[in-house]
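Chain nomenclature is as follows: A, B, C and D, assigned in order of appearance, with residue numbering initiated at 1 for each chain independently.
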């Protein structure tokens, strides 16, 4: 099970969306939770849906490495809501698909731009730690991982599933597709799941381009009567 | 099922109260929830009641278009309380009355006064979107709808009920009966439920008049010993 | 069932403590709730107990007017915790003692000192309102009652129990035994439960005296090493 | 059952960790709760685990004084989560080990440094209070004990288990191993559980030394790109 939810710099979510579309993976389930922010999200075709977690299934061509991809519109708010959803998702994977390993992708926020961003990592067991080190990740030695990235991996461990977290170094100031890219590179080395990263880079650059235009537009429009519609926004930001 | 709860500019609540009294619709149920603000509301006859959600039933004369009207004193606070109530209300409508469509009425707050306010809209399915467009609504293409307006429609979709949200453009600064009126005009075009909008306008103007007097009065009274009683307030504001 | 919990100016709690000791009433039950602030309260004999709600039973000498007295150390925090406790207490009274009327005592905070404080009131039904008016209470005509005073009365109404709230006018700035006194006077007129109000006045004055000393003491002690012990505090304030 | 959770100045947690390692006590159970902060804690071997409560068992050599030691990574947040965990832990001890006495160790924060710190105490029953006084503790006469220290003892009392709280006087400004030491001295006098306090002092001094170095280091590093890794932190602080 590979997880990437919206969070700092959209590192995990952007990575997961790429995996879903590039592998490609098929829709498996939608999960709604009382702990999500009470909100409907409007798509650009005009229709709207409650915030939700989405699961996809990827059948590996070799047949020995299938994956469930987990992403979604938001993280629940409140520690109890986060625990309840994390436990539900791990149980779902275990009971229906006997998942044996869990990976979460996210951001390692430093506040400073780095020219050579690194992938930080932690894992549930000593053997995993050695794999992470071999794959060139920087091992974390203290601190913690908060939110669903921490809870999903921690809950997996409690339920007997091993796993690891890959966190792409990022300043955290804005959407950072480069951090998603290096995290997917590590994932490829560790899990043998390879995708076309050129496509990811292209999508990332397009999105950054759009974001820049929106910022200019929103500067110009600030005195108009229509501050929230008629404007194109990035899915990842709205 | 047509829903309008207290919210910005009382657009939905004022509209629903008009539907209830003008159609007229009959009391069906009162729903109390732990998630409501812990408060009793005092009526002008001196009696008090817990905050609650109210359901009314309208039997259509043509017999093919009955409606449940949903309004109330407040929205619950906290995302879990909102989800629980929204799910309960949709289940109630489905199990007891097999509702097939859900409409929520609310406000589209812009922060600026508009001389020609518009009705913004979103829906659960593509076919609905086309109806909304034909009825002259402005389709939303991004962003979200928060609170019970979003949750009721989103929960309806999850449970297989189609529907839409009609949001009257308003500055949001104060009670705005004009926004309720245009929303009811759209509802009439879309659902064939027509009421006497002159009466609504009259009630709205009376209420605005009363509000203005209260503001003057409250300015004069500000140094007196009795700041909260002996004063007439609008139901919609208290 | 007569209720007075800690709140503004300790109007209800001080009144209930007087009723319990002066009638006198016998201990009936202690109720602990997850929603109370997570805290133990230390008594002046050095022992400590969790915050709790206390019920007492008063057997009326005439045998036709028994009462359950409800007081406690605190109000729960959070609207759901308040709803759950209020419902539990009403159900407890109904199932075990078939209570037929509920009274809550509290404060009507004005922010200004009044030489002739009044008792404000609201009730569940029109007949009650007329009794309140006859007893010289000022009827509230709008606004609301928040917290357990509102919830207990409102929940009683939902469960078919009639009742009323008596709120003693107070500036709200500090402990106000005079407000408790006038509320108990109204209660006596309305429910025929009469106690020795001279004793209440005496206790109130003693408490105000002690409070004054504490304030002086705490001014002097502010630079010492022992800011929280070895000092006598009023039960009602700690 | 002897409890010490992370809190002010790490008085209780540092004391418990010493008891666990010096008696020594054996691992008994790990308890995970939805109310813990949603976070994984990373150890210095690179592996990570959800925050949890840990129970250890100490078999007394004399066979008449076994103890369950309770410590953990954090206290739950939110009063309901705290109540739920406290009740669970007391029930666990009662049902599985028929615990007959509960002790909680914590801090008595004064805001000023004291050369001769005292142990403040409160207990569930009058007989306990007399023992505490004989052991040289300063009895608390008012105020309250908040958080898990208060809840565990209060919940024990509600379930019929007697007990006491020992609170070491501390300024509360930083990690204070001296406060842990005096609390363990009192515990030894009261419960006959004696450990090597020289070792505790040594560990405390080492920790304070490390803390000082970290502070200097963190001052120097403040302009570097790597503000959160590659740095050694005290377990008790991270």
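We adopt the following convention: contacts are C-beta pairs under 8 Å (C-beta built on N, C-alpha and C of every residue); 3 or more make two chains touch, one makes a residue touch a chain.
Just so it is clear, the structure is predicted and the values come from calculations on it, not from any experiment.
At the interface between chain B and chain C, two copies of one sequence, fewer than half of the residue numbers in use appear on both sides, so the contact is built from largely different positions. Seen from the Cα centre of chain A, the chain whose own Cα centre is farthest off is C. One simple way to say how far apart two chains are is to compare their mean CA positions; for chain B and chain C this gives 37 Å.
Mean C-alpha position of chain A lies 52 Å from that of chain C.
Counting partner chains per residue, chain D shows two or more touched chains at no residue at all. Contacts between chains close into a ring here, every chain touching precisely two others. Every pair of chains meeting the contact definition is listed here: A-B, A-D, B-C, C-D.
Interface residues of chain D facing chain C in the complex, by the touch rule stated above, are 79-80, 82-84, 86-87, 110-112, 114, 120, 122-126, 128-129, 132-133, 138-148, 150-151, 153-155, 157-158, 165. Of all the residues in chain C, the ones that touch chain D in their complex are 32-51, 77-78, 81, 225-233, 238.
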